[in-house]
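What follows is a set of structures to go through.
One chain, chain A, links the two complexes that follow: it is found with chain B in the first and with chain C in the second.
For the complex of A and B:
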């Protein structure tokens, strides 16, 4: 026997009622499972929202002229009237290792007409290949293909196509106020449609090559409104913004680098709110589990009053009795933790890598300017799992404290003579 | 302190225990003054309810007296705090009860070593003492059994080994043979008799059992909580 018998006595006592031990441990294990999966799922949703808001159409960073936001004026191109050396700017913007891609964009308000239907929309000039590397909305078109430069081709959202009552191959008249004060207008061919699920985008954005839009609204080749930048992880955007600012500085006067967290503060708030709920989840789940453990330990210690009396009679201190019961609870907690991990790990791995899709049940949900497809996608969070494990063990030990103290106060003389 | 004081194992002086239950008072032990010398093999006898168990528990520090004093060695117990009483029981007193003495989750050896472990006796020394006592009691080969796999007589022998192995000043045994058949009873008494004669362990019994009374060398008869008479049978 080791130098302190309490751990051994505690462990062995657990084995005396295997079914009861298993049931109580299951209570804690299910608590662990529920907490980790629920929080993983919540983080999955938050990530999906951030991911959608930053990579569906927006970038995680945007480089603008300092005057561009919030009016998004046609004249407020990066570098002012002279424009910039676009290739050099893109090279500098992507010099940080955490930057995945960068691409230029030109915006102009305009009207798109087909036959008798006219829709007011946002004309968006992009580098089609660069855009595919950067954002997701053009990755998979619902029909057709990407526009080619110099061919007067464009793609529109499915909703805009429906409102225009046109389809692939249809002729569209595009009219837009130009930078020289004239009214630019030209005939385009619809070559593709996209769908994001966000009504305000699908009904409003007509996408064409940068060069074609610059020609339409009379902007010279070096003039773009935005360089959109994507990073490996949305949560490093703020740090990368600082690095990119340094990298492009000197090149471009009066440019600002804006991370998505500034563009969509509500989403940042939501993420913060969600993570503040995690502690509450732990308190609720393990608060409930605590009653189960306390009940079991109270029962177990009541049955063994005679054994505690013997321990006390032969010279164990009351604290020794308390320790033996706490060790028993700790052993129960460790067993429950093993059960919990065995239950949770496969589900987390499965739902992280191949999340069951709930869109069939509830469809897509628009939330905070981002579209969320309801899957059971979960995120791993090692810190939270460790916190949950600690909460589980603490629950077991704290729940056993009252039963342990009661056991240590057993009156040995009365119990030993009351055969 | 007078020199003869160091020679006593136990002394009680006008020791009383009164239990109050609602309006009723039960005087379980009444004004008992008793001295037990080291090496005695003594029994408290008397009818049921005469106060044998209560007196034994007062001596062992499991119950606190209402009046009077108890010394174990030269330690007076009535004012000791609980922790000190636990320590005294650990170092000075061995207990053997009527039944269910052992912790069911520990093996025979672990049960026997339990008080020594709390005392901080080294592992080799614990093993040595338990081996020797198990050999003496005919318990070799049963060291790794749990109490549930031992007969009643074997369990009581383990309890005696546990009580003796920690080298207490005295062993208090409350009806140790009450649950045993006569053969097991005799074997257990032989064992305790041997330990008393060869190692000088002091035993005090509380008993109804004529076999115990026949074997002991001092018989204290109790009646209504008080000492009625004394005999020295052997």
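For the complex of A and C:
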């Protein structure tokens, strides 16, 4: 660009009105900042929703009998009535390096009662230690401790505990239809409470060791409904599902490995919708900026009509005039881009690593099976940043095109004669 | 079983109708509301005591239970399992709108929450709601005579019940089939809100128990699970039981193991 006289003229012209140049560049730079930060924040929220939805309770993958979903029937255990060799299945399920943890689960619908209060809920049998490695909802109990196998202990959500009007150490009657047709029932001791922030979980899930729930509902030791699997990154779940399917193939008859993207398609759709909006954001932000740049360039070229007239009079082609204005606009865009990067980078780094927490203002938001803490958490998206930079430069150049054409059409004789 | 107690009362009511109405009305005289109201009214205030056998057949297991049961009107009932031994003493009490289960294994009583009224009773195809259903058909449903004539060799009425807009009921439509000769119920078909058949109840084995003709066998079949059913067979039954009043239907009685 520096080799071209038009480029030198264009860039030099920026320095004639430094304040105007700075203000115009700021308009584009703020557009860059707004786009990158807004999209980064949106991606942060989506990632938080996906992360919470998959790691809070569910896991990124589920292995279960092909008939288990959607009814989650008591009899639809992995491997059918014979069950499976759990240790072998868990070993195979965790053979892929992208798998972080895997743990068995048993489910049964039932009643939990304390005194005169009874709550209908989901009994969830887990391996307490394995579950802590797999999911987050038992990581930090609001009170008490995890249940120990064989001790008839359980933990419930804080909302269920409130409805049952009980506390740690309280006696709970647990009733559930058993696999042999009988009504399984036993006394348990509440040893802990958890809180996810999701009302439907905190009020409905009673968690107990998988062995204890199997005994209650008369399922043999090898019969579990689900192996939940967590992965390093939720977005590789589909690929890992294929790998895990291959790993467990042959061990389990009619079992299927389902990634979260199939279990929660609404969340995937939401993420796609959010992505599709990013382009719209660019169009709106830089569409507005374009008028500002066009206005500035129009004023600048109007002020320089005599200069353009001289250029044309001494033999410069109209295209040369156009080029000089477009180079000026491009230089303005580059300057604005530098400003934008300088403005955006520190904020992105800050909000990515230590995002301001807005939870105190609006509380936690429950949406699409996930609980979202409203923070300014942003995610880096280099591709989008590059796209935004390109949009910024394009905006500057396109906005200058009309003023450039007008500048190339000034009548030299009239302008120079003062008409 | 819970529903069967209601069915038993209904049966009793229908039997009583047949006893008090010597000549069935002609088609032109049939007033569905009057008939259903009389059926409803007649088994209110009745008391009963009996034993029955329930057989539950599912895809995964079969089981049989023997039960002793008491009822008083439409508001009070008590069912206690006598066999198998593992569940002997397990009992369900309905008092007004509340249902309690007594669990002898842990010697505790739990109250069944409203959200579980649609849940299965003791693994059968009857629901808790079948037991506590207090709605009066004539109050909650618009009733039309939808069939009057011979069906499979038996002259029957078929009444179609459509819930009224404000009625808090489970079913979208109910079809009752009643034998005209003696007002015996022959069958009930329950449809969900989408108009899909949800379950059917069949009555058979009409015998005299407690001095009244009743269908001894009732069979509930879920429409979505072919091959599954719950049957209820009365072994003995007595009506207008002396000294059976509301005080009998207490938590204390519930917790008696025999």
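Quick note on the criterion: the second predicted complex is superposed on the first by the 415 of 419 C-alpha atoms of A that agree within 3 Å, B and C clash if a C-alpha of one lies under 4 Å from a C-alpha of the other, contacts with A are read in each partner's own complex, and residues count from 1 in each chain.
Just so it is clear, a residue touches a chain if its C-beta (ideal position, glycine included) is under 8 Å from a C-beta of that chain, and two chains touch if they have at least 3 such contacts.
All values reported here derive from a predicted model rather than from experimental measurement.
Asks: Based on the superposition on chain A, does the combination of chain B and chain C result in a clash or a fit?
Replies: Once chain A is superposed (C-alpha atoms), there is room for both chain B and chain C without a clash.
Asks: If you stack the two complexes on chain A, which partner ends up touching A:320: first (chain B), second (chain C), both, or neither?
Replies: So A:320 only meets chain B here.
Asks: With the two complexes superposed on chain A, say which partner A:180 touches: chain B (first), chain C (second), both, or neither.
Replies: second
Asks: Residues of chain A touched by chain B versus by chain C: which partner has the larger set?
Replies: Touching more residues of chain A than the other partner does is B.
Asks: Does the superposition put A:116 against chain B (first), chain C (second), both, or neither?
Replies: A:116 contacts chain C only, not chain B.
Asks: Please indicate which partner A:75 is in contact with in the superposed arrangement: first for chain B, second for chain C, both, or neither.
Replies: second
Asks: First (chain B), second (chain C), both or neither: which does A:412 touch?
Replies: First partner only.
Asks: Can A:306 be said to touch chain B (first), chain C (second), both, or neither?
Replies: Once the two structures are laid over each other on A, A:306 reaches chain B alone.
Asks: Thinking of the overlay built on chain A, is A:16 touched by chain B (first), by chain C (second), by both, or by neither?
Replies: So A:16 only meets chain B here.
Asks: On the combined arrangement from the superposition, state the nearest Cα-Cα distance between chain B and chain C in Å.
Replies: Minimum over all C-alpha pairs: 79 Å.
Asks: Provide the residue numbers of chain A that touch chain B in the complex, in ascending order.
Replies: 1, 3-5, 8-9, 12-13, 15-16, 306-307, 310-318, 320, 412-413, 416-417, 419
Asks: How about chain A: which of its residues touch chain C in the complex?
Replies: Within the complex, chain A contacts chain C at residues 75, 111, 113, 116-120, 173, 175, 177, 179-183, 185-187.
Asks: Could you please specify the touching residues of chain B with respect to chain A in the complex?
Replies: Residue positions touching the partner: 53, 57, 60, 62-63, 82-83, 86-87, 89-91, 93-95, 97-106, 110, 113-115, 117-119, 162-163, 166, 174.
Asks: Using the touch definition up top, name the residues of chain C that touch chain A in the complex.
Replies: Against chain A, the touching part of chain C is residues 56, 58-63, 86-87, 90, 101, 103, 105-106, 108, 110-113, 115-116, 119-120, 122-123.
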